[in-house]
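The following pair of complexes shares a single chain, chain A, combined with chain B in the former and chain C in the latter.
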Partner chain A sequence: MGTIRMDRRLFLKTAGATAGAVAATQVGCFKYFKKGRSTAADAKEIPTTCELCPNKCSAIAVVEGGFIRKLNPNPENPKSRDMLCARGNAAVMQVYDPDRIKQPMIRVGARGEGKWKPVSWDEAFDYTAKKLAEIKQKYGPEGTLWSSTEGFQEKFFVNLGQAFGSPNIVRHPTLCLASVNLAYGTTFGTVPSFDMLNSKYVIMSGANRFESIITPDTMDLIGSVMERKAKLVYLDPRFTVTAAKADEWYPIKPGSDLAFILAMLNVIIAEKRYHKDFVDTYTLGFDQLAEHVKQYTPEWAEKETEIPAKDIIRIAREFADAGTRALYYSGRRSSWYENDFQMRRAQAILNTIVGNWDQMGGMVPNASLPKGEFLFMPWDDPKASRVDEVKTNFPLAAASDGVYLKLRENVLSGKPYPIKGWMVYKQDPMNALPDQGKTLKMIEDMDFIGVIDLQMSDMAWYADVVFPESAYLERTDPVEVMPGIWPAVVYRQQVVKPIHDTKPNLEIVQGLAKRLGLSDYFDYTIDQWVEAEFKDLPIPMAAEHMKKHGVWAATGEAHYGKTLTPDHRFVTKSGKIEIFSERLQENGYDPLPVYNQIAQPPADRFRLILGRVGYFTHANQSNNVWLHEFMPENDLWINPAPAARLGIKNGEYVNVASSVGSVRIKARVTEEIRPDCVFMLHGFGKKSKMQSLVYNVGASDAVILETAWDKVSGNAAFHGTFVKVSNA
Partner chain B sequence: MAMKKKRYALVIDSRKCLNCKACVVACKAENKVPVGHFRNRINEERKGEYPTLSINFEPEQCHHCDEPSCVRVCPTGASWQRKDGIVLVNYDECIGCRYCMIACPYDARYFNEEEGVVDKCTFCVQRVDKGEVPACVETCPSKVRVFGDLEDPKSRIRELLATRRYKVKEPQTGNGPQLYYLL
Partner chain C sequence: MRNTLLSLLALAALAAPLSAQGSELKGKFFFKKTCKTCHTAGKPGKEVTPLTKTQAQWKAYFAANKHNKGKEKLGTGTDLKPEQMKDVMTFLIQHASDSPQPMTCGG
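So, the complex of A and B:
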């Protein structure tokens, strides 16, 4: 009799008592579970913080016999509301993924050929330091680019780039939420949260909250809508899960959301339904707004949006009637159109005039919590200015994050100066950026590329050196404060020792720093760093608490109205909420949102739109065996009317071509999309053979997306590409 | 001391289901369900023509029937039912004949090729016996499922069934399914 069945019997016998040792397994990582198996006697529960997306949900890892058996949600985190999503649950498989990078590697074949030599850490560090030093000598430290994605250890990587002397740090915001942050920041001086738990009327456009999970918004909104506490009006060219759950869905003409919002402003102001007291006390520029939106009538907006004027008028009235508990939801990933900043700002203004600022059920400025800081030796500011020239091109954008697509243009042109070295922390520019051809060109132009990642992303596949990072379940990370309506502080501690020859990012950074003569700036351990952060937490016995619970939240109570005193100064130029923005005007932008038509596709083309599902968000998640089985291959959504015209059949392959590339993908003929749009999910058609489940399977949106960005924030504009679809 | 009688059941509010699959992955981890097989699933019903459309998601798993046809047809007694209603498979007695798979009106069972036995949702007995809820119930973002004891008059599921309209699936089979879907 096999060991597996013996264990099963053991399991059945002990079920009923306390021990629940289901130890054997048949999953992909067979050997990990099979060896070192034990009864529940040595089971441990270790609280930690999920890293599979930026929500940072609190999890409790159940470890048996040294192996992670399961992750359970930790109810103590007020933001994650006692849940873990599919990705969070599948993090177990991130650790035991056979495709993981298991030791440092140096490329031996041509770039992208996939020939690698496993090397020692010393070799990988020495080689990289030598290359970086060569580039520094020839081009100066500014000849290196450091790009990274969001994460608790990202700061160490960013610090290394800065200590090295490069001004060229580029982070993820301009591929994500830069336009929404800048729009709300310009208006309120801060980016608020949205109290979905208590809102009574929610309008959502440019967001798909029931598939792109944001905590606690997703959970709060589904509860409110299904329990009939809130009405949800949803605009999207695609019939998403959010559309299916909404009270009203409008397949708005893409890119015209701003017209819809301006017409709502028109109605609410013309009918004097706005919150006069609030507007008078706290805002600047209402009169100019009233004058400005007179031109944007509902009848005009009907032509732009294809939403009937009578519905726009009714929705505007209902919204204003819900008053302080009405919300036009901001969205998070707001990289859609070239007018995205102005569209998000119009939302902010609409929210302002109904007076929902700092109100229960409205927009609430984030509360935060204090935490200690580890004081490390500071370095000199870089001498050169940024290669993406953020200050001149995007004077209002966050220069420290960079503007990714403008940066790529400048690197490709070699102006204002050449970039020859590229260090990447856990980002996949090959898939995260539009126009993969350009990214490949940029890769070709590099003298050296080093990538730190868990998996062989497409970016890593084209690197010269690959440093394997330990998975979050194998690491201890810095402490993170999560500001919000329900602020919390979370801690990620090591659950199991690294199962391969991997290191946490800090140790990779330190290994490089040592060889670059920068050790003094990184002279600490993660434990020292974390101890310093624990110090100022408002918790008695903070270290003990965080190790035992993984999370701390004050009370779970929301506090509203802290900024609603007449002497409160908003962090804007005028100290008021700026409906009319002089700052925008001074920098050459429209001080009030002006509508400009977005180009619409010609008759023989479709607009390519993007989105996410709940079980994949990041490009690397499609290669997780527990997620991949929900969607082994992506497909192209196309409405039956154009499909019939083009002779395209459901399930058959089609070619999708834009001005920059073409892909082959299966068609999904579906009623659930506007006839002038096509849609595909992100994360397929990989070039890396070490993403074995999705290598060359399906298509990568990055291949066909064209380069465009929002004019004010520089945020990538992903919805401006027109494609031709034909039978393959 | 006499044990109080128990009857475990699930109340499901399908309207809140987002098809996010968290419950499916949590089950996979908790119960080591092989890749390619599932103990729970989300049924999808998509209807209509653009732009008048609807989608309904409906979580489903073993209904832990009162009169389980799987148990009735099992030639070896491997499929059996606990006093608290939970239907289980004793893997050592299962000969892999798969009669139970055919007898189940809900397609709740799968054949585990590697072990040569039939398997299915156990309501996570290993958790329930420790006083916890099944993994699918716990992890769900919108808390679609409510797990509880129908014999406990103060339980949340009793309250829901007393105050809300609901249905069970395929009642005509006489299986007495114990998944209650709120309407």
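So, the complex of A and C:
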């Protein structure tokens, strides 16, 4: 396949069409937003913090007569400024969603049959505690699994699992960004922010930043690109919104991004365009790198990436010339291929040698803010080791987060020991994990499953007990510090009382703890917790300020270069920025990124690739009434050439089959994807009938994705599945 | 006398083989509850976190059993028991600046 460089006219044409399409779909939403500020006598404006995605923007709820009329942006938070995205606005409908779980329920039919008995909280707590105690008696506390996704109240759930004595806490990072975290952590000792506002030259690999998360820093970068302050080079098998805004788009051969980066390193080092003073002063292992990348010539990389060598050379030169204000953006969700860690390491190293560390327009180590802490009584460490054997299999991975897919393999095998109880907080493993058939098997093998969630996710649908959590607008949460170039502290406070028989997660945890004999570890209220956190904030009258404003943020000029002193010790093994990593070598990994070709699909199959859009967070919110208007059903992107060969027509249903499952989905025949790939969006084809808008509508990628993971971080590798596509 | 006894007990605990490690979780708690009362930015002891030293430096620090610039033994003026001191040591070493999982005490 040839490479495509989009010219500006075609960009604008495409971007205009996209904007028009979005505008058309938005019309239905506008009726909810006729008025901005309230004039009603009993109206209140209450600042809080959005929970619809991990960005944690500040918002102001307009409440009239006890109802949330709308949400406004809170301009005091530099991270969200005077902007609230579609998801943020739609949080109103999270509260008033008719599909919400409205009271605790216990399953009465077969798992997944959807027969439930509404019960009191006492009944739900008693039943769950009895089941957990039985499992503990028979298999030990390690016979339970506690899985959760990020959120301000997640810590209470994790603490309950630990206090119960289970080592098997598994969090979301290995389904998300574990490889980025580990790669940048290994290199710099921290994961920095990317100062895109001030960058002159940005390269993005598959990080569809302009489409998947629409926040002010996205707008900054779009603004910079459109005003031509910054150049954006974008690599992606799909022509996304980011591609439409970029200066250059290359539909790179999937899985070869590492080859592109290694060739850039080759050019920059061979032509001595790197930042010699910075490399000499702050890094370790440059000479080994120089020798190592000699093999990775642009001509070699052209064959791997399908990006012309002359373009790789030119981009490398331009990147190096932009120097400290050049950025290879790390991306956010990095669960792509089995080489993901090394690809992210190569990004980090490329950024290093142009000297962009701690510079305006470069990578900036995050500043933070002090915060108080509520100290609670600690429990004993678990006696058993983790079921996913992280220390053996992934010695450098974050053991406290676990490795999800290896964990599922071990649970299914019953080795090293059986897991028979599964508690889940706000996560939907049925859609978050690949190979739904395996997850269903894991569910079948459980003696007990309890789920805490706002909505009847597919996971909740297969549970034995569901505990309805109050929506974020109905509860107060712990205070959160948001590290960054301009660090901020945000506060989420209750805006309205719960409209159904729901509880905040802390109270659910406390209800269970009481019956499990663990009350001493949870003997506090959310108000006590929050008051303790307010204490050390660097704000006069912190509690009053946070309740009144919902946010406090550092302002003024950003501080660059604080780590650029000869005596600064980076938080790495050597104390330097580690281009060559002894720690990786000691643990049997390549100390410098080595390229290994990944398998490409045979002629009769396609690589399935995934992505995100700005109105859904992962598999969530496709059932939100307002957001659903943007996309009522997902579809399968397929290039016209293979579509014609297979007789597939736009808008007609096709079957998509992998080695683990098949789905039926509408085809979108489009030039905007490589002929060897197909793409579908997450969050559809739900099994839960209480996700009524997306129940059995569209398809779930989790049904057909195969299980694979990055060997170093354990991060799921979601882009390694080959599928057959045929007319339905 | 009480402090001397505590220090001796602490030293005995630290002399135990490495396999008899303390609890990171409890160590974090005792570090925050006890050590951070002084070792916080703006306070006399200045900010100390696991990142303040390397693993070797923390081991040497606990082996030397000296505190407050050598004026007193570790644990002086605190009610930390020897096993609790071992927990603190384990937490600090496991999350030191050159450790595989470096951590500020904020977590």
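The criterion applied here is as follows: the second predicted complex is superposed on the first by the 683 of 728 C-alpha atoms of A that agree within 3 Å, B and C clash if a C-alpha of one lies under 4 Å from a C-alpha of the other, contacts with A are read in each partner's own complex, and residues count from 1 in each chain.
As a convention for this text, a contact is a pair of C-beta atoms (placed from the backbone, for glycine too) under 8 Å apart; a residue touches a chain by one contact, two chains touch by 3 or more.
Bear in mind that the values here come from a model prediction, so they are computed numbers and not experimental data.
Q: Once the shared chain is lined up, is A:Arg569 touching chain B (first), chain C (second), both, or neither of them?
A: second
Q: Once the shared chain is lined up, is A:Ala398 touching chain B (first), chain C (second), both, or neither of them?
A: In the superposed model, A:Ala398 contacts chain C only, not chain B.
Q: So, A:Leu375: does it touch chain B (first), chain C (second), both, or neither?
A: second
Q: Of the two partners chain B and chain C, which one touches more residues belonging to chain A?
A: Residues of chain A touched, chain B against chain C: more for B.
Q: Could you look at A:Gln162 and tell me whether it touches chain B, chain C, both or neither (first, second, both, neither)?
A: Touch partner of A:Gln162: chain C, not chain B.
Q: Applying the touch criterion given at the start, work out whether A:Ile222 contacts chain B, chain C, both or neither, answering first, second, both or neither.
A: After superposition on chain A, A:Ile222 lies in contact with chain B alone.
Q: Identify the overlap between the chain B-contacting and the chain C-contacting residues of chain A.
A: Looking at chain A, the two contact sets are disjoint.
Q: Once bound in the complex, which stretches of chain C touch chain A?
A: For chain C paired with chain A, touching residues are 23-26, 28-29, 32-33, 40-41, 51, 54, 97-98, 100-102, 106.
Q: In the complex, go through chain A and note every residue touching chain B.
A: Counting only chain A, the residues touching chain B are 2, 4-5, 8-9, 11-12, 15-18, 20, 22, 24-28, 33, 69-73, 81-86, 88-90, 92, 210-211, 213, 218-219, 222-223, 226, 239, 241, 243-245, 249, 251, 614-615, 625-627, 629-630, 639-640, 671-675.
Q: Which residues of chain B touch chain A in their complex?
A: 13, 15-16, 18-22, 24-26, 28-32, 34-36, 46, 48-51, 53-57, 88, 90-92, 112, 114-115, 125-127, 129-130, 135, 138-143
Q: With touch defined as at the start, can you tell me which chain A residues reach chain C in the complex?
A: 162, 189, 368, 370-371, 373, 375, 377-381, 395-396, 398-399, 536, 569, 571-575, 583
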